[in-house]
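Two complexes are shown next, each including chain A; its partner changes from chain B in the first to chain C in the second.
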Partner chain A sequence: MAEAYFPVGPGLGPEENFLSLDDILMSQEKLPGRAESNLPRLAFALGQGSGAGSGDSIPEVTVGGNYNSRQAPRGAVQGGQRRSGAGHAGSARRGRGLRGAERPCFHRRYCEGLRGSKLEIPMWLAKGLHDSKRRLISVELPKIYKEAWRTVFSADANVVDLHKMGPYYYGFGSQLLNFDNPENPEIAQCILQTFINRFRRIMDSSQNAYNEDTSSLVARLDELERALFQAGQKGLNDFQCWEKGQASQITVSSLVQNYGKRKFTEMDG
Partner chain B sequence: MVGERAVGLVRELQSAAGGRLPPFRAEELGQTLEEMRTLYERNQADVSEAKSGRTDLIFLIRFRHCCLLRNQRCIVAYLYDRLLRIRALRWEYGSILPNTIQFHMAAEEVEWFNRYKKSLATYMRSVGGEEGLDLTQDIKPPKSLYIEVRCLRDYGEFEIDDGTTVLLKKNSQHFLPRWKCEQLIRQGVLEHILS
Partner chain C sequence: MEPAEAEFLAEKELVTIVPSFSMDRVHLIGGDLGPFNPGLPVEVPVWLAINLKQRQKCRLIPPAWMDVEKLEEIRDQERKEDTFTPMPSPYYMELTKLLLNYASDNIPKADEIRTLVKDTWDTRMAKLRLSADSFVRQQEAHAKLDNLTLMEINTIGTFLTQALDHMYKLRTNLQPSGSAESQDF
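Take a look at the complex of A and B:
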């Protein structure tokens, strides 16, 4: 199964592959950002702030008349964590001209996202909201792409645990280049240099670890590097198989092995 | 969080290693589509409002639009990747899928599989002269016409080209033509023994 299955791989550089599962998961990672204008209900919509989390959190502005919210507001407004500045939000909203005829969902937690407040947004949302004159949100660099960490990488890239630093260091970093940031050339250079420095070790370890437990070798690698490591392992295994004279042996398809203990009942053909 | 369900589908697929096909999540798919419908309807309502001057809605409209696109991308990638796995099944496993795998497929996927089988068969017939060429055979270059096999589990009677039948019982060894056994070996019924 593994041999005949060719998934869509991640994109190269600043372009993502639409159908790639890897790219979808990579663009789910969050970045820090800042609201540039008043963005009502954004934090709630993102599942942050009080009372957020499960269920539908689609923000709605009710327009004219008796709009019944499809999802009944969940319980009472929870006190406790409220963003600063939201205290007067109720009056601010009324001030912005929602008339009495409309029946908005009066939940204070909706009124978060005033100008300048910090947010964590997933990459896909950042890319979507970013184009046009940048009046909606501005994105900042996550810390591992900043100056401090860049010097760490240039000192010795091999010791860094890239899996912990966001498992998609290279992919995410390449996507960051889409936002016009004055540091882009340095970021790009840093990502490239890190890869070059780490590559040798990955190649060596993948080509020499035959039939052993490789979990300690891959633990600190990010996803791109893990894919490289697996490619190396596959090459090694195929070569060893050939050396042992087993290259012509027809083998069980790995799908069958994966389904393992379950009993197969075949349909009559 | 909007879009979580769709990404959950993708995550599950990604974690199914070795190209395995996990069960078809019709319910989550339905919920995601429902979420998309809601987003779309609300945007429809808000766009006409925004056109008549309420510019503070523009952000909300864009946000919902981003969510719609995201959900669409996740669903399309999910369905496409499943089809890639099902296609691999035809090549690795053969043209008849066991029930356990079929249970994991949606009705449309089974339909797609049948049509793919047919296309492949038509193509294979058109290649290689009169009888056609079975491309799913001889994945590894053959060394001999007949091979030694051992049976890994009870399979029953098996008929070879010259009419003789062989009883495949567990642990029995046979010397059989390669082209007949290849598929059974890939399915795990027989085991190829090298001398």
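Take a look at the complex of A and C:
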């Protein structure tokens, strides 16, 4: 009631909340998939520069091949030999002075399209391109939602470090249910059960840790659980503060204190 | 709701004082406050009692339940039962804090009383957490908890409602969604 800012929470269903910051960050997480049809001239946008690289790296295309070769003598010798032959993607990895040779092969791949090649694309892009009729891309499940990890979760959900496994486990998992996948019911069930099993620990740790360093307690929680932890901490802190009698003391508002203008002693002189 | 608001609501409870001044009957919107005669006990709301005590115009008499043996009984019964036992006052925590802060000289064995009340509070909070956990685990739709006080509900309220919200959304994921209503182009 006394807060100035009410953040929009994440939508945990098949549709995400448009205004939720958590959902925006969550949809940036990467999803492995394959391109099912030719996507001409889109290689660099889908991160094909280095194969397994991140989605926004644009591979270097340097224009001055000679300049590079002067700096690396050994590379220049190799570059001189190879520039005479046609360059391929494979030879591009063997030396440093091969910018000129790379250019024709990069151009070829650039126009070739990507059918069948592996992609790592962010969730927002995957959702937009997903269409059962046009078959542009097909997505695979990230390994944490697969069978092996599902058995780990059902055995004991408390030991898993959900922060490392993608800090948006629940939100991302709910979005995965959008793609038609025969394993969807099991995924949904697994996410629900994980949440239920971890609930006890979050409740106990948030309601009992007063005035302590909580970083070790939240280290293994994902973002949704961290928000819950903070809500529990707030309840506890409010109660303790009231019991000590601080609730009825008038204190400086943190916003005003940050201005640094509260210098009565200087003004009064 | 914040603890300070629960305390405000608790201050409406009646408590007995022995005034040291005299005054006629006062008519307030909430009710009448009976004539004050020095040395004669009279029942007033807690907010007035605290105010008069701070001005040194009265002496507070602790409520019947604020007594070491009674509180020990209550604490032991709370520990024995699995469900919540009815508390002597729906605002026992707030009243304890107010009376023991402002009128501890009028209350015998104030420290012991504070400890006993805190023990009872801890037991009840532990029971509350246990029942919240079993509620979530069994994915029930309703739960009924008797004899909870406002302060206990406040402390765990925000956390529990948010967690149940999340659980509800994750549960609706299990149902296969209807036809796609989003715009297809």
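The definition used in the following text is that the second predicted complex is superposed on the first by the 182 of 269 C-alpha atoms of A that agree within 3 Å, B and C clash if a C-alpha of one lies under 4 Å from a C-alpha of the other, contacts with A are read in each partner's own complex, and residues count from 1 in each chain.
Methods note: a contact is a pair of C-beta atoms (placed from the backbone, for glycine too) under 8 Å apart; a residue touches a chain by one contact, two chains touch by 3 or more.
Keep in mind it's a predicted model, so treat the numbers as computed, not measured.
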Touched partner set for A:37, first chain B, second chain C, both or neither: first
Partner chain(s) touched by A:13 [first = chain B, second = chain C, both, neither]: second
Between chain B and chain C, more extensive residue contact with chain A: B
Which superposed partner A:124 touches (first chain B, second chain C, both, neither): first
Partner chain in contact with A:148 - chain B first, chain C second, else both or neither: neither
Which of chain B and chain C A:248 touches, first, second, both or neither: both
Which superposed partner A:236 touches (first chain B, second chain C, both, neither): second
Touching partner for A:28 - first (chain B), second (chain C), both, neither: first
Chain B/chain C common contact set on chain A: 1-2, 245, 247-248
Contacting residues of chain C [partner chain A, same complex]: 1-4, 7, 97, 101, 125, 129, 132-133, 136-137, 139, 151, 154-159, 162-163, 165-167, 169-174, 176-177, 182
Touch list for chain B against partner chain A, complex: 1-2, 4, 7, 10-11, 13-14, 17-20, 35, 38-39, 42, 45-46, 49, 56-57, 59-60, 62-67, 69-70, 73-74, 76-77, 80-81, 84-85, 87-89, 91-93, 95-102, 139-143, 147, 181-182, 185-188, 191-192, 194
Contact set on chain A toward chain B in their complex: 1-8, 18-22, 24-25, 28, 37-42, 45-47, 52-53, 56-61, 63, 70, 96, 124-125, 128-129, 136, 245-259, 262-267, 269
Residues on chain A engaged by chain C in the complex (per definition of touch): 1-2, 9, 11-15, 170, 174, 177, 185, 188-189, 191-192, 195-196, 199-200, 202-204, 206-207, 224, 227-228, 231-232, 234-236, 238-239, 241-243, 245, 247-248
